[in-house]
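Chains here go by letter, A, B, C and D, matching the order in which they are written, and residues are numbered from 1 within each.
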């Protein structure tokens, strides 16, 4: 036994050594596996390669259509998970009150991902095995990615809510999302910073624990440098950190004329505040992770005047927005804490609309119908999925943070970025 | 020099300091094969520290310790045990959760012939060896009169039995030299008599050399053939029991320096 | 000769059993239940392998997820780099990965085990915990391993992961059991009990400790190697501190040192939160939802119940029936208290407005069960005991003879 | 490089920022020290790693939040009509957090740890993990988490920063800069005062808008000068909040030292930490000592949490205590767990080390580096820096 293993060990050691050598030599280009999430250029060639599920998915039997939602009802991402739950419930209740789909009621099944990839995957499997015709979720790319393999294997469409990592939708034809991806959001903010804010020397702060933040920072940096700007420095922190003065001192010495904060609002607020304490008064801007009115509470004076890329703002005049906010207020009171409420609402409604268009209620047909979505008037903008390989064609708003909320600053349509 | 003349254990001016405190200061004595040797002294005299030096728990600050003519000062405990010195502890240190027989079997670990692989795979060789070790352990338990509680959890045994078990465990390493640290502590007079016989039997039947620490003068005087007396880390007397009993220095050490 | 026949037969039974489990699961279980079966096996393997370090050898390691992670990432990296060329059949590839993962994890175990020569107890614990965090942060920053986004480690066609994981779980159990059955296990136990006495008995304490670390981490690494292709995609989040704590909890809850205990606790603690997911309103497929007042009252109720049961344990001496009556009384009293309490709490508008589904409650229930079990059975489910047919026989005999008397 | 690590990032080794980093390290270290004290005290007495300590810290932040809300600093109210803060508000939040956390700590000890006192330590540890999970997950059921709340900065009376020049910039520039800064501060105050007037209906939207424009202009001018001055000078910028935080921590630590060294209960604590059973036999009321230990340790965490949440402007969730808890724990071990000065030293070392890691540009490894220090320290001194390396008696 021992001699056998030892020979195996030596063989393996050689193999492992070779692996390390090969894997590391091509410096930045050939990242293995699902690595380069924010590598803006790669998306064009892979887009056509979306694989249709080979499995014949479920179909509706009986009087209920089962719609699954995976959300973080426990753990660190609970704030988003709660909004997802509320948003989806709102859409489903509304559809059912209006008579459902051809007399069939929609049953919303909500599963907990516990803010963990493993639990998210298991939750998806449970939904799929219980006959969910479609799965909504998740908010975080890190949790969404493992879910896509499950839905693909089951032949069930999946509509991701807030997951912006570029390559999520590239592999399978049953994966869609209602948010734009990092390859869109990053350039939007780069363009806004370069053209509108006239920034040329920008510092970046990245939350290294979040795939979202890593991806967004990468795509922003690439786009900003392409426009001719310079990245003064990049500083890192981790979700849950409280103290950013060290990073701030570093980037202050580089004299940036603006700072791109790609993390979630939980950390962005404190960072803004600490930036001001250190007399850094340059414009701050970031991605949709900023979206929560709590940002104004935590950032205070410091964040007022900042800009970020968002899906909608509650002060918009569009009827969809007003309608949504009224319904939300009637059902839950107040406003949704994060954008995820509206995005989930849109995702659910998008699926419901697709269901209405379905000739027969099968997963396969539903995938086709979701893929045909055109000019869907959602709260977070007009969404077109047709011919987009899963990523929505929708415009992005840049909004300005004020004392009382977020004000519209500029809108970017996808064409403007090409 | 003939082999008989090589002492089993030789302390040459062994000294150990802990910070400023000299716990054992220039202690020297020789143990010859088959000796039944006593190490006595008032509390804090450095007796247990001597044991710790010999068994490699602490390296000596200066001086040397030789076992069978080989310098063992500063050697690791396990290695010293392998060479053939084994001990018991003043405050009993049994493997409490293990049964009595398992305690003894642990000590026989030194004599394992099969590799760990055979144990992990539970190969016949390991099973055979385990059986053999168990048989030997039971024999040893019989010597110290514990065969009736062989399967009991050692931590649950009565105090006196725990002390005996420690001796059996030490014996199981098949040592040349056995160090007993207050083996009779906490025993009643009957048990002590039994213990004296057991120790003598160990020396005679199993052909061991024994060095023991004891507080009970009667026990030591009745058992040991030669005695070393320590006080404040220093050796103050050495010799047969009768000489020790009448040594004024020893009397002073025991009665206090109030003279 | 007979020995080898029995041994061959038992190995064959295990192989065939796991093979059948795989076939049955693939044929008649949903992917969800397949996942449960697979992960339950994984947690058994992890818990028992940690038990070797923690329970049997007494080395307080609380960073087991690190070795699991190393095994998984070794596999993921090699798979992502080399498997595209399909060099091997997928089963053979995973088996090869198991070897690779366990070797790398074993080396890591050696690296962590070496400090254990100098450190004891809580100090060792914090070092192992720190090691886990360091590994996670390093992986998060290595682009070749996918950073925080994760890495795709698909092996196609899908390998028989359930079979492999359960084989590993059984192998882990067998290794620990064999160790405890042969004299070779005694030094490990002795080191746990008393290091100084062990070394005085000639046990090479360092060697024993490092062996335990290396073997335990190799097994965890092997589990990781099987886990990665099954998950298809892994991220550093899969292996955070929470995982280490859960596995440690399994070991302690099972009874430190008890192999069967770890295995049972591994199954129990993994499946409990999943079982809570499955709970439905009776007769329907609707999720159970509980009002805020009942949840609050229930929370307090469990704590009260634990205290009452402890009082029964400590104070009520008497026949078995009297004790059971006491336990039932405590249960009834608590039930009443919860009922009345939830009625009373209806007066609190904040609580009245809240409603929780099982999906939201499951982690809180899990934590509560954990505390309750520890308070009621501090030595774990099995204590230091092992399951054995002899033991069962003895208990039954005792019971019958007791009845006679 | 091959692994994609940028080992020499842009910000590396700028001597001008070093003094600032060191001072921040010490200031932040004081909070780690405060948390570490809780771990170390409980460990010293019960030999238990109180994993729930981080969650007590978390509750402290929530208590401060609720107090601020009760005093009227709710987001809605502040948006409608902000009001100024006072040191009294700060004091109320501090005392409130300390009291509630102290009581929670004592309750946890009574319910969960006391029954485990005679049980294996690892079982007690698992119970502590259970309590920690219960507070994290169970707390999320009842406490506000979505969206994660934050204590409004209006409740914070100590705003702004202290500035110490190490190398002054050229005179004309400095003059301009000081002028711009004063204008900015004045504009800020004017704007704020006008906002406060909303409460008393003494202002109009137009007036506020005008002031707001003025403020924006002042801010632009100031930040332009700030950027001009940056490369020509070296200075320390010390946020007042951090100074208050470090100062309060210091006072609390001195109080603790007095308590442990000079009072009867302190003597009891020292005795129990030496030998639990003997102290009990010698007539020390062990339960009182344990009670006091949990009370004080948890109250210190409460104080730390309140200041941490307020001065850093952090959003609060039930996982708020995980990161500082872990840091405090590591600090306690580095200093020698069970040793009170050790915890303080450990906290400071952790703070400074973190600052240095960031300074060297390896901030992505910041959280790992604390553990690296820990491992190095333990390998050299197995009982931590100030831990007693006493030999086990045989």
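Of note:
One rule holds for everything that comes next: a contact is a pair of C-beta atoms (placed from the backbone, for glycine too) under 8 Å apart; a residue touches a chain by one contact, two chains touch by 3 or more.
These figures come from a predicted structure and were not determined experimentally.
In terms of the distance between Cα centroids, chain B is separated most widely from A.
The most central chain, judged by C-alpha centres against the centre of all protein C-alpha atoms, is C.
Averaging C-alpha coordinates per chain places the centre of chain B 55 Å away from that of chain D. If you average the Cα atoms of chain A and of chain B, the two centres end up 71 Å apart. Each chain gets a centre from the mean of its Cα atoms; for chain A and chain C, those two points are 33 Å apart.
Each chain gets one centre point, the mean of its Cα atoms, and the points for chain B and chain C are 43 Å apart.
Residue positions 57, 89, 93, 121 of chain B are each in touch with at least two other chains. Under the contact definition stated at the top, the residues of chain A that touch 2 or more other chains are 24, 28, 31, 74-75, 208. Across the assembly, chain C contributes residues 140-141, 143-144, 147, 196, 360, 363 that each touch 2 or more other chains. Interface residues of chain D facing chain A in the complex, by the touch rule stated above, are 1-4, 9-11, 14, 16-17, 20-21, 24-25, 28, 75, 78-79, 137, 140, 145-150, 152-154, 160-161, 163, 188, 216, 219-220, 222-223, 226-227, 230-231, 237, 239, 241-242, 308, 312-315, 317, 319, 322-324, 354-355, 358-359, 361, 363-364, 366-367.
For chain C in complex with chain A, the touching residues are 30-36, 39, 74, 76-82, 96, 99-100, 103-104, 140-141, 143-154, 231-235, 237-238, 240, 242, 274, 277-278, 285, 287, 357, 359-360, 362-363. The touching residues of chain A, counted against chain C in their complex, run 5, 8-9, 12-13, 15-16, 19, 22-24, 28, 31-37, 73-75, 107, 109-112, 114, 116-118, 121-123, 125-126, 128-130, 141-143, 145-146, 149-150, 153-154, 165, 208-211, 214-215. Within the complex, the chain A residues that touch chain D are 24-25, 27-28, 31, 74-76, 78-83, 208, 232-238, 240-243, 245-247, 249-255, 257, 265-266, 269-270, 273-274, 277-282, 292-294, 296-301, 305, 337-338, 403-404.
Partner chain B is touched in their complex by these residues of chain C: 3-4, 174-175, 177-179, 181-187, 189-190, 192-194, 196-205, 211, 215, 257, 384.
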